[in-house]
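Chain naming follows the written order as A, B, C and D, and within any one chain the residues start at number 1.
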């Protein structure tokens, strides 16, 4: 099947899906999942270089092309989407509009696949809008506040997209083509730096808005926090990656190193790229600091998405071979980790109906599989071996240290260690500790819901030990964009990943960890067996005290003994009075609202005489202009 | 196969070296306070006694956390080079960032297991420990980054080789001092033992540990300290053959113990403000010197 | 008695008190039980706003319980001990928790140790004693030794006269 | 007494050299501990160190009189300690009630409720006496004679019955614990 046929039929199918789901949402969800499986097999079968044509618009051919980048990004997206589709088969019964959810999810899939396949800027824009609009219509299906969330999402997204569209038309006006590779050729030979930089930044701004980079990051918190729980996984795991894709297109596909070689800023990085890196670094700081103090677990991970978007941008922005690969690999790692985390949270909310960390606790006794999935996902998100998250962070650090960018490196380290803090907060507050009495009867979610999480976590673990299958398309991508084509980073025959400063062998490190674990286990079994202290005793037997250290007092109520409010109080106190970009935007909005009120007050006076006055004045002016 | 023996040797040496040095440290502190103090082998007795007791377990995540902590610390201790290429078990994987992050596996395992015990003191201790990590790691990583930038390698045994003509401490003295201050925080020595403050939060993360759990975590702590001091010796004091390496190790250890034995404890935000004040600024200054080539 | 305190005592004369001067800044006023609340109110409005202590004494020979309120003034450091006697067989009194909320706990304590009921204070759960099963322990007719013997078994010492003699003579080392 | 295996003998000799104490400071005896710990008498040279929680501790020091309310906490804390565990009773109050022998709220002998390995006589015992007692306890542990924790397990019903006789119930429910 040609790519164009696939995309068009996918969009059509999504409408059909609505009616099928209207009859039975369960069948719709299962069909959705089967379509997703088919799409994955389709993606695997396509060979690079395949082109296809969608039609013509205003004399411009809408072209599709299958490259290494399309393969990689489609694969990541489909992994996330298909697991959410599987997850939704059971989860949808807690939702009000399952039919619309199925339809828009499929339509969004089509849109994002189209974005990755697009060969020219206008096709990219069309599919971009399909993806954004359909996802925007899913967001308000959540709680009460999610209407506002959808509006904020749409506005932020639109501000990015329109700048992108303006940039695309600017490029068309100057170079007479919309095809990305041809624009790249033209731009390299274009002498005017100002126009090039304008086009570059305008194109990148769509990516900035979508992946939640600093000035346009505020929608992430609201939209991720209030979207339907499982859809947050798609939002953070997949839709945000559309932004990373556009950033990659504007930074790497239009070879910024060559285009802006006349304005080097620091260590061979052009000023434009450095600007993006600075934005990324700001996002890391904001995302990390804000995530640490969140009590709402979904908003916490939403802010972590801001920070991780910053990592991706920094990695890609350096245009260093290792940094680029690290940034692109981070897309994969963050997609999987964030999807699993949001699905785990969706499972928790599905059972307990709250997303406040301070109201939860001790769910490990009731939902152990969800806990394990979350645990491995945060290990990946915090960048700890042997999960795959470490590889990308390691690559990004290598690039930063190699370029001597110490301040950016400092911010990256800060984000990395800060991520230990914020991922641990839900772990301790939601899953560990004491189980509050009201969640006595909570059960583990059904296998349909935990299976996708387990699969994604397993993939992440396998890639962490044997990263070469995923590094191969990334290296292909790097060759396509011509970033140091002679350098080889992944050396699968020696099991090595080569950095500029030393190598490492993921298989060996994993084996060492296993050996360490086995020795620890042997030591553990050698010595006297423990007596089990049941943390759930107060739940099981009325009047049984908590059998842990209580300073000699007997406490019967586990709710009193759960520490999860203001987990990092000592640290949070240090930046209580921080300046807030969101508040600034709100002030701006208030100002415009007041301006509107003022104008409104002038023109819409409640008295008829004022109306008569204005009408007369208008007529007079019209006549005066006429004659 | 040789690599495996070397790794095993790392573990054995690390265990005996640090455990006896801990006893020596207790003796030194006692002498500073004009006491006699326990014998140098006291900590061996403590560990084996703890292992011989009949413990309590707070559920599977508690056991799993302890195993993960010990396993992670052992894996790290197996990778760490001991002063020279001869005593480097895995020359291809002794990258600094790998060691630093592998180390975090142990820390995460410990944090998870301890919070899994359901005790709020443990949670508070872990919250403090993580905040403290944010404090001391940042200056340390900046100094290490400038070192890597200067020597153009992150591989520890190569760093050691490149210091043949002069220790890194003498090349960037500022960096060495800051790394030592961070090392004090990493070791959890006196002004920075906020996370385990026994008088405030009932020894923090360790509140619920009994018997062999306490013993295993003590062993994990031993390996952690072995890795931390080894890294400092390798990166700043130029390693050397096994004998010199041991001498340097002991000197660094004794210095840290002496400083810690006369200091009281910081509060958590005081600690953060301390680390993010002068040491972080000096670390950036050091990085600037390295960038400009103003090294000794 | 300072002048301000003697002025206050003059104000209180309408309540027919029996005034005893304990020292420079401490005065004990004994009144009949129906006027206690009025006296306390007067004192409180005249600066004696701090209820330092509220306690009880068992006069078993008079068959009476004495309630004592110790009031303290933060302005001049004076102290008034307002005392009254109630019937021991049916010990009942009014609560002063409206005047001093802290009196709730003093009243609970007095109820626990002397068995006095306070009308208006319903919260009479045990405060200090856990699982107490005897008469209030600070009443004079309660025998703590008897109770202790009944509840807490003592160690039995057997007197070994010969051994003591040997120790005394220094034959064995004790 | 049962014959100990070689492993138990080794373990006992380790246990005797490393005593971590939980000082349950109930009464005036706690005052005698600071001089015992600090430079003058230096307990640490025998491997005796204070610990913060019952889970880590080996010996429990009952330093003075125990009223019923405290005894509940002592029993609760004792049951939280890991085996093998030892109890040291300080002063005459723990032996026979001391000057509180006829109090309605203070117990008269500690070994009626939990097994005591060593008593230190005196009101209060001086640091020398305390160190002497610790040496005696170490000797007892080394020989495997300090078997209070075993006795508590074997005669658990007897101890429980005594506790309930004096206390009514070990764990109380009231407004401060719910």
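Descriptive notes on the structure:
By our rule, a contact is a pair of C-beta atoms (placed from the backbone, for glycine too) under 8 Å apart; a residue touches a chain by one contact, two chains touch by 3 or more.
Since the structure is predicted, the reported quantities are computational estimates derived from the model, not experimental observations.
Each of B-D and A-B has its own count of C-beta contacts, and the greater count is at A-B.
Distance from the chain A centre to the chain B centre is 35 Å, each centre being the mean of its Cα atoms.
Computed from the mean C-alpha positions, the centre of chain A lies at a distance of 58 Å from the centre of chain D. Each chain gets one centre point, the mean of its Cα atoms, and the points for chain B and chain C are 60 Å apart. Residue positions 548-549 of chain A each touch two or more of the other chains. Shared interface positions of chain B, i.e. residues touching 2 or more other chains, are given as 52-56, 202, 207-208, 211.
Each of residues 53, 55, 72, 80, 172 in chain D touches at least two other chains.
Taken together, the chains touch in the following pairs: A-B, A-D, B-D, C-D.
For chain C in complex with chain D, the touching residues are 125-126, 128-131, 133-134, 137, 142, 144-145, 147-148, 151-155. Listed in rising order, the residues of chain B touching chain D in the complex are 26, 30, 33-39, 42, 45-46, 48-49, 52-56, 198-199, 202-203, 206-211, 214. Contacts from chain D toward chain C in the complex involve residues 68-69, 72, 95-97, 101-109, 112, 162, 165-169, 172, 174-175.
In the complex of the two chains, the chain B residues touching chain A come out as 7, 11, 51-59, 61, 63, 66-68, 70-75, 78-79, 90, 92-98, 101-102, 104-105, 107-108, 111-112, 115-121, 123-124, 126-128, 130-131, 133-134, 137-138, 141-142, 145-146, 148-149, 152-155, 158, 202, 207-208, 211-213, 215-216, 219, 267-269, 272-273, 284, 287, 291.
On chain A, the positions that touch chain B within their shared complex are 362, 364-365, 371, 375, 379, 382-385, 390, 393-394, 397-398, 400-402, 404, 406-407, 409-410, 413-414, 417-418, 420-421, 424, 427-428, 432-434, 496, 499-505, 508-509, 512-521, 523-524, 527-535, 546, 548-549, 551, 558, 561-564, 567-571, 573-574.
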